[in-house]
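Chain IDs A, B and C follow the sequence of writing; residue 1 opens each chain.
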Amino acid sequence: MSSRGFHRGMRAFWYVMLFFLYAPLAVVALYSFNSINSSAVFAGVSLRWYAQLFSDETILNAFYNSLTLAITSSIIATVIGTLLGYGMYTYRNRRLGWLIWLVYLPIVMPDIVYGISQMSFFTSISNATGLFQLGLGTMVIAHVSFQVPFVALLIYSRLVGLDAMLFEACHDLYAKGWQRAWYFILPTLRPAIVSSFFLAFTLSIDDFVISFFTSGPESVTLPIFIWSAIKKGVTPEVNAIATLMIGAVFAAAVIALAFQYVRAARPRAAD
Amino acid sequence: MPRTQDARTQGAFATRASESPKRREPSHFGHLMAVISPGVIWIVVFLVLPSAYLMTIAFMTNGTYGLPRMPLTLEAFKELAGFGFLGWSPGNLYTLIRSIWQTVLSTSLVIVMAYPIAYYITRAPARMRPLMLLAVVVPSWTNQVIRAIGWMNILSPGSPVSDLAASMGLIPAQMGLFPSKFAVVVGLVYNFMPFMVLPLYAVFEKLDYAQIDAARDLRAGPIRTFIHAVLPQTLPGLLAGTVLVSIPAFGMYVIPELLGGGKSMMLGNLVARQFAAASNWPLGAAGALIMIIATLLGLLVLRRMGKKLGGDSQVVL
Amino acid sequence: MTGQSTATASAVAAEPTTQHQDQASGRSGSSIELHGVTKQFAADSIALRGINLKISGGEFFTLLGPSGCGKTTLLRIIAGLENASDGEVEIGGASVTDVPAHKRNVNTVFQSYALFNHLDVRENIGFGLKMRGMDKAEISKRVTETAEFIKIGNLLGRRVDQLSGGQRQRVALARALVNEPDVLLLDEPLSALDAGLRSELQLELSRIQRRLGMTFIFVTHDQQEAMVMSDRVAVLNDGRIQQVGPPQQLYEHPENLFVARFMGHQNLYEVRQQDESGLDTCFGRLVGEFERGTHVLIRPETMTVVREDDVNAGPNVFAAVVRERVYRGHVAEYTLDLGNDTEIVATCNNVGEPMFDVGTRVAVKVQTSGVVTFHA
């Protein structure tokens, strides 16, 4: 095959892949504007399902729960994960193999195992002591535990990308430990911290299985609401909720990206 | 230089803390613990401990309402292998085998699709690459359930895609492409593509093109060039991606539940059922134990590959 | 030669040049003494093996050596960024062996400059003063003064990523100097710059050092750079000091084969036999009174190359054939074949006489003043 033909083939494949990746999401958005109650046939444009959605108390409550869960867990995870990532970086030459295991465990473990182990754990504790009853609290705990590794790895990779001499320059320029943290590490990490918050946020919004198993009757979030709704079949109303959630994730992605590339996008002077 | 005199004038500097023959780096253990302990404790208490508890449940007896109790037995594992009140039945084993088969199939498809994509991104202009990677990753940031709904819309009876398949005689008229095993595999591939593209991109980015030129120079054809010069270099990324795709796919719950029917059930569904309707925690825990073992094996591979990739971060992020 | 060799035999005994101290503006830099400084990273990796060194206040001192010789490690130990496994470090006569970097009145110009990207030039230069708790007005005044002195007063408002390599270098220098350290350490600060900028900054660094009278310790692997700038140079190899002395002494009287090679000498030969009237080498006998040694070096610029017929055979004249000629403008550099697979390099000043072509039979006259013997 000629190299040009090869390149054209690759480019065509890339566009097919983009279509494959975005078609399902586009279809969800499309049917959410359907004027008839169908997710197979598109009859015309209408906003009636959105209107219906915003007057539904259950959905608004679920939306509120989702947001509370995502924001609370992301704040906790960003703080804890940033510290962990910083520790992993500072002591990367020590024998901390076990730490890497611990960080990768939540990333690799199937979420069903995650969900049921936490569910059985919390249930047994609450049966015995009354603490940790399934609800928003246990959901926040569960979400933080899978967000922390992602935040830690993002912070770690940002730190690894820095010139190690910068840390020594601080030391050389009379900075004590806290001064180094306050005047150098935190300002330098700020874009990474912000983008890791948004990453944690999207991870939380993205999750269904773990939320499902650690939730209680009072803590229905949007994905859980959708789950029970589509057991009877996909409705345009469900598509409308889904479209709003897709929009939220895209917005978060753009913000996360903007923060991460803010430095790279700055104009550079020619040498 | 009068040393003694200067030593007096600069007394503040003249603190000789230790006179030990071999000086040691000062201990930072306290600091280390201060920064990593919140994260470590959180993960240990709220993930490792519950997993250990779950593994214990697998060896306990099924009580009323599905809650586990003593004594410790191997009943759950026998049940998982199909031995129940009514003698042996193959249902659970079929589920296990189906899980493995669907995992292998979808992982292979993901590799075939992700490999050229990762390569294509590395060959794109440097400014475009982050955007292209993001384009691949963003769909996976939306909720799993929503992504499944997308495919339910596309493959449902009466949809253009289903009609097309029916007109080609692939499925009976008026039927949809979902629920089916086909829909489950499509869903799995869709779900896990980015997890393969990212580690592959990491290895392609560091690809030593001199090796490829050398192979070409030695008159190797495209296939032999690929096998001898490209594949070995990308193997770490390929293995890392395989772990990141196959382990979660093996334990997948949402996609078989929504896109597959009862005949497409995977291990994750079997496990989940024991904690919900069927109420047999030990049986569910025994199924989960298999997944935990698979997870740990996967981590082992990932650790090795992480070292070969030269860093731990690029593999996942 | 006896007198010189005692002066350079031991690093500690070497008499440092202190000629610049009297020009110092109000104060003079601190002296540094290293006693048996050893650094061992792992059981099998020893970076420094018992370094003894005395650097006097106000001196421009250079640590010269190939990569991996331990020069940067030594600099880091002086800065306090690394702990010595054994030995003592004294600055201004007081031991600082156990004093951490942020409490040492020593500043470093890093190889990569290590400027803070999140701060502008003014904030970068003022960082050290801010960490010491100086008030803002005083910081601003000192930063402006130092920037003017380093000629970057117009860059103070810039972001770091808007600077060129040379500008970064100056900011890094200003950031260190503004703290008025006892000693300034420079870790190959010019290695990332192109040749022209490099020689400009070499001269400027010497000028700054002389005006401030501050002790500078400069690390480099470039012997030209070391010779241009330094009062004294220590040549390091394999964690040991090979020789310490002023550049001229290192070049004209290297004490061993390593120093000779590292200073750029190519005409190095083994001494086969030596007596009062001269010594024998593989290409013939050199007549003259030389120090005893196992090796001999002949400086290329002290030789004369003439046409074969234009000289009478005599002591220290050797027949040769031109193998290679490199024209450098002010000099022509000849590689001459002396027979027996032996070559010698000679440089001739370009004073307008015709040059010899490759293949020409010539005679090369060696002057005894250009002949140095030493022990391997």
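Note that in this section a contact is a pair of C-beta atoms (placed from the backbone, for glycine too) under 8 Å apart; a residue touches a chain by one contact, two chains touch by 3 or more.
Everything quoted here is computed from the prediction, not taken from an experiment.
Of all chains, the one whose CA centroid is most distant from that of chain B is C.
Taking A-B and A-C together, the chain pair joined by more C-beta contacts is A-B.
In this assembly, the C-alpha centroid of chain A lies 55 Å from the C-alpha centroid of chain C.
Here the CA centre of chain A is 16 Å from the CA centre of chain B. The multi-chain contact residues of chain C, meaning those touching 2 or more other chains, are 103. Only residues 28, 31-32, 35-36, 38-40, 42-44, 46-51, 53-54, 57, 113, 116-117, 119-120, 123, 130, 134-136, 138-147, 149-154, 156-159, 162, 190, 193, 222, 243-244, 247-248, 250-254, 258, 268, 271-272, 275, 281, 284-285, 288, 291-292, 295, 298-299, 302-303, 306, 311-314, 316-317 of chain B touch chain A when the two sit together in their complex. Of all residues in chain A, those touching chain B in their complex are 1, 10-11, 13-14, 17-18, 20-25, 27-28, 31, 38-41, 79-81, 83-84, 86-88, 90-91, 94, 97, 99-114, 116-122, 124, 141-142, 144-146, 148-150, 152-154, 156-157, 160, 177, 202-203, 205-209, 213, 223, 226-227, 230, 234, 238-239, 242, 245-246, 249-250, 252-253, 257, 261. Note for the complex: chain A touches chain C at residues 163, 165-166, 168-176, 179, 183-184, 187-188, 190, 263, 266-271. Partner chain A is touched in their complex by these residues of chain C: 79-81, 100-103, 106-108, 110-112, 114, 116-119, 127-128, 130-132, 159, 161-165, 175-176, 179.
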